[in-house]
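Should a chain be cited, it is by its letter among A, B, C and D, assigned in written order, with residues numbered from 1 in that chain.
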């Protein structure tokens, strides 16, 4: 099988991380092409259920990128994200899925370089962890 | 009496006044002399006291301004003159030739990549160069390129023409001429903001003599992730990370020889820049030489305490007399009077020094002052004598907001912009006094 | 069945240089419900938009996808373009294949083209499930309410009524003017306060649009931007209900009363700044005075600087010297905060007129004692490195301004936040200084933060400008990305109610007695917090509902994983 | 009415002033729920069978307009009542608890580590089970082994929804998202792994480990062990155990104990 090319899903919030991704683009910061971004209004709108669905059906990694604490356009949205996703990660671990396949991070609208760094890091982490075992395991 | 208003100056105050007036139903013409709106705030990395990223909070307003159906942007344009009296002003706007058809240009930047001419970039405070055809900064609004006629080889010597060849949108037009647009407006809002004083007029501070003495706006660009150093805090002389950093307050301010007034914002942005320096270079030792630490706004004192406690910034109450290059042109030697020693002068060496220059009202405004009866005070600010109407100028129907009337920080400038909108609304619709 | 049109943009060569646009268009044709897939040089240019409109008409499309740059800049442009071609502007999905693909995978064209295909597939999957939406509008009652009749409230009211907007001004005291009434002269221009206040009050009273409620308090506020209902209770306890479109909070602040600092309360000559104002107003001018700045301010527990006390002390020092040229006046300070042009000039004038300015530190506080029946002050002077003593008629304590006592219950009633000190918390400290996060409620004056008189006036005008916008527009536009609940699925557990940062959701009971969560659209900002908090998908967000987002994930799984196999 | 019944009636109606009483009783050899009002004969009360009275109460409560209801509550029932009250299902003043301490056998079956209600009226308080033996083994396994274990277990699931129907704190009965096609691959028996992940997440801040899901699962999937693994996570992450009445609202939606300004805002 050719070299493992992970398929990764990312949720970016309209006000900060999506704008940070745009700035990375405007600044032509090169990064691996494995991450597919879905735009949401706030990281707090991302249901952990989406991550469970994606990971249990073979997606190799899920990334949720919100605003830094204190920057949220909706005041306390990212506080809830920060509270929910560690629980989701632990549940993955309990069931035996490598919890590093689900990562939560903060990127501001001016951090093109941080976006590049998070994407590059996450893709290399997932390459190290390897393909999602659930891809072959048809339940 | 039309409901048309001209706003002069596309900085944060001009943008806010235009947005409020547009939302109130007035037709607004926003005139900005540089190729993009945004003003000095667009150059800032972060803003005090929250360390919000400046462009993150500014660019949504810039986009709203450009997208507003009742606001017409005139960028790269100047006011040739204002005639008439309230409520019938005739404002002559000169849209300087950009040599680019902005209906076709998509801001893709291919031309700039190929243009051979390098010019010191105003946006980057001359720390790096831009091309003769350029987009001032990635988030510029409008996102269109401009040909700087004074440096473009095609305009000056009819040689080159590379950008026209490369431009796939066919937007380059070398024969474009200045365009005069006459607007009859019921009111004019002046929001021309400030410019940093030319600190080379004060050689004792070493600007232009010591390579590692920079202005605060240059330091903002050095700190900015989209700046010339990519956000890495390095000093101009040898590109190394400074271990010791000094801020010099009141350079040209509170000084009878140059400007008596206090520029109001330097204490706070110096504190902010010292905190940011601490974040970029965690073990940096920063000293701020100040006279009075004027932290008077919301959460400002806590901001200064945070600089002292979490970032170890040293505040020295003294006014340095001389800055000169240390050994072989690198670093800075600062002579300053040590407090409590009865006038003894100390000399410390710093890897880098940041000057906080006096902020002067932008010169462009004073051009049309006389024709409109607008009086300026002894420092060049527009006089706003009536306490009950703090944004009214000396000429009825013309209001002034932001730094153009007196030194103030961004929240006060934004507040005054809305006050200007209220006064205009009062004068035009309410038959105000 | 939806009829989807996919338009891939070259953006000159910005996209085409890394993404094989034709291949993506071919791939798009194979996707479910896609009727036409085209590509053009510049979708955002006039002819690009024209080509899309023509394709919509020719192919009777009812869903449009543009794969180009970032939606954050051109989404409104393409939405309006769909509308001009007769397609509801919310049946449009923007796929970012420039900033998120071609520009960041410039050296990997095949991978960039594959990724572009995936993103288009995800966009098509979502577009197929988009519902037409209308921008909701709710009416605005053309009335404003101003709470607080101090200088800021008065200025806000006067500019609103002179713009022809009916305004109710509520003042809890029997007369207007607030704290400013106790100050006879306003620095640095030394303007007479009475003249200023009378001129503004005259302007208000001359307008039929103004309704002044003295000795009255707001006892209840409900509703949202465009239609608030405010209950005003007068001195005679009768309550009057007023309907309004916008509300301005101008409840001001009060002088902090010292707790015995520097002998206050024990030694008669030790007075606060306001007490000095009253003395000077009566012409009772001391022969000598020592002002002590930052009393009860910039100290642990109250770290903030109250902004105008230095300028107030300088003004009063000049008034004393002008009344008695050989008066001995000293200002003991920890920094003189005379920012700006006029204040700094006044600071210099005072020094030229003989006012002495001495700096003290927190570690070496001035000492005030009674020497016989004379007040005596000792302070350590750095430059002389010695204690300097002076006997004075008055020691004037420059104390900070603090929030009014009942600010907490006022904030609860308004459902707006206050900071830990009790000052109101504006929407954004830099760019929305006179607005609350709650739409339709505005803030000005010292209730937000201690401010000079001219700053209070500017804030009053600014708050009025903001408050007049919804009234002038007559309607408030709400982008249709708000949340909505499905009463059948909802079991009223209240998770969403607690998750909503804007208190826009409440549990209501249907006719048949079933409880369910209901969203007030005018209050909803479309953040989607409630959607994630809801465990059984009863709460959805327009334009981002769970079916649409799950379909995007399915599209990625179907296309990416099969390709990788 | 047996002695247990008399003692229960006395506590419920006289001591605790309840208007109704919900308990389990013997009915021709089986155990069934009994809902009696004041003065009625409660019958031969049984306390030795782990009957889900809170489930019954949730169904009856909407029909009983007013009056206080006493219910026999083990420690897990008591915790269930707290979580349901937080979610607006009951209002606390109308529920009176009659504490039942579980027997040793019951504690062993549920591997319960918190078996004693706050007020014990019946049964002798016993020590809780040390820990769930299978959970211990699973934690020692590597990720792959653990995944293989659970995939083999969840393959037996035929989506009968026994676990959700009998769960006292799982109340979105008529609209459970797990039945929706999107989240769990369509027409797939056994359901995708997402079914069990989503359910674990929903239970994370409210599961009181009554063990009913494991008891109701026809395929003997060790669901209680999975719940206990998640419980350990919640304890470590937020030092939170579902069922504590002091926490006024559901943990995962509130910002309880969360400082709003966070100085990690350093970008």
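Note that in this section contacts are C-beta pairs under 8 Å (C-beta built on N, C-alpha and C of every residue); 3 or more make two chains touch, one makes a residue touch a chain.
Bear in mind the structure is a predicted one, so any value in this text is a computation, not a measurement.
Undergrad: Consider the two chain pairs A-B and B-C; indicate the one with the greater count of contacting C-beta pairs.
TA: If we tally the C-beta pairs in contact for B-C and A-B, the bigger total goes to B-C.
Undergrad: Centre of all protein Cα atoms: which chain's centre is nearest to it?
TA: C
Undergrad: Need the CA-centroid distance for the pair chain B / chain C, whole Å please.
TA: Centres of chain B and chain C (C-alpha means) sit 24 Å apart.
Undergrad: What is the distance in Å between the mean C-alpha positions of chain A and chain B?
TA: Measuring from centre to centre gives 37 Å for this pair.
Undergrad: What whole-number Å value describes the gap between the mean CA coordinates of chain A and chain D?
TA: Roughly 33 Å, centre to centre.
Undergrad: In whole angstrom, what separates the CA-based centres of chain C and chain D?
TA: Computed from C-alpha means, the inter-chain centre distance equals 45 Å.
Undergrad: Going through chain B residue by residue, note those that touch at least 2 other chains and give them in order.
TA: Correct list: 50, 52-53.
Undergrad: Tell me, which residues of chain A touch at least two other chains?
TA: 19, 26, 48-49, 53, 57, 70-71, 76, 80, 84, 108, 110-111 - these are the residues of chain A that touch more than one other chain.
Undergrad: Indicate the residues of chain D shared as contacts by at least two other chains.
TA: Residues 177, 182-183, 252-253, 265, 267 of chain D touch two or more partner chains.
Undergrad: Using the touch definition up top, name the residues of chain D that touch chain C in the complex.
TA: Within the complex, chain D touches chain C at residues 87-89, 171-172, 174-177, 180, 182-183, 202, 249-250, 252-254.
Undergrad: Where on chain D does chain A make contact in their complex?
TA: Listed in rising order, the residues of chain D that touch chain A are 138, 141, 143-151, 154-155, 177, 182-185, 188, 190-194, 196-198, 200-201, 204-205, 226, 229-230, 233-234, 236-238, 251-253, 255, 258, 260-262, 264-265, 267.
Undergrad: Over in the complex, which chain A residues touch chain C? Could you list them?
TA: Residue positions touching the partner: 5, 7, 9, 14, 18-19, 21-22, 24-26, 28-31, 33-34, 36-42, 44-50, 53-54, 57-59, 73-77, 80, 84, 116, 135.
Undergrad: Per the contact definition, I'd like the list of chain B residues that touch chain A in the complex.
TA: Chain B reaches chain A through residues 45, 50, 52-56, 59, 138-139, 224-226, 230-231.
Undergrad: Write out the stretch or stretches of chain A touching chain B in their complex.
TA: For chain A paired with chain B, touching residues are 16, 19, 23, 26-27, 70-71, 108-113.
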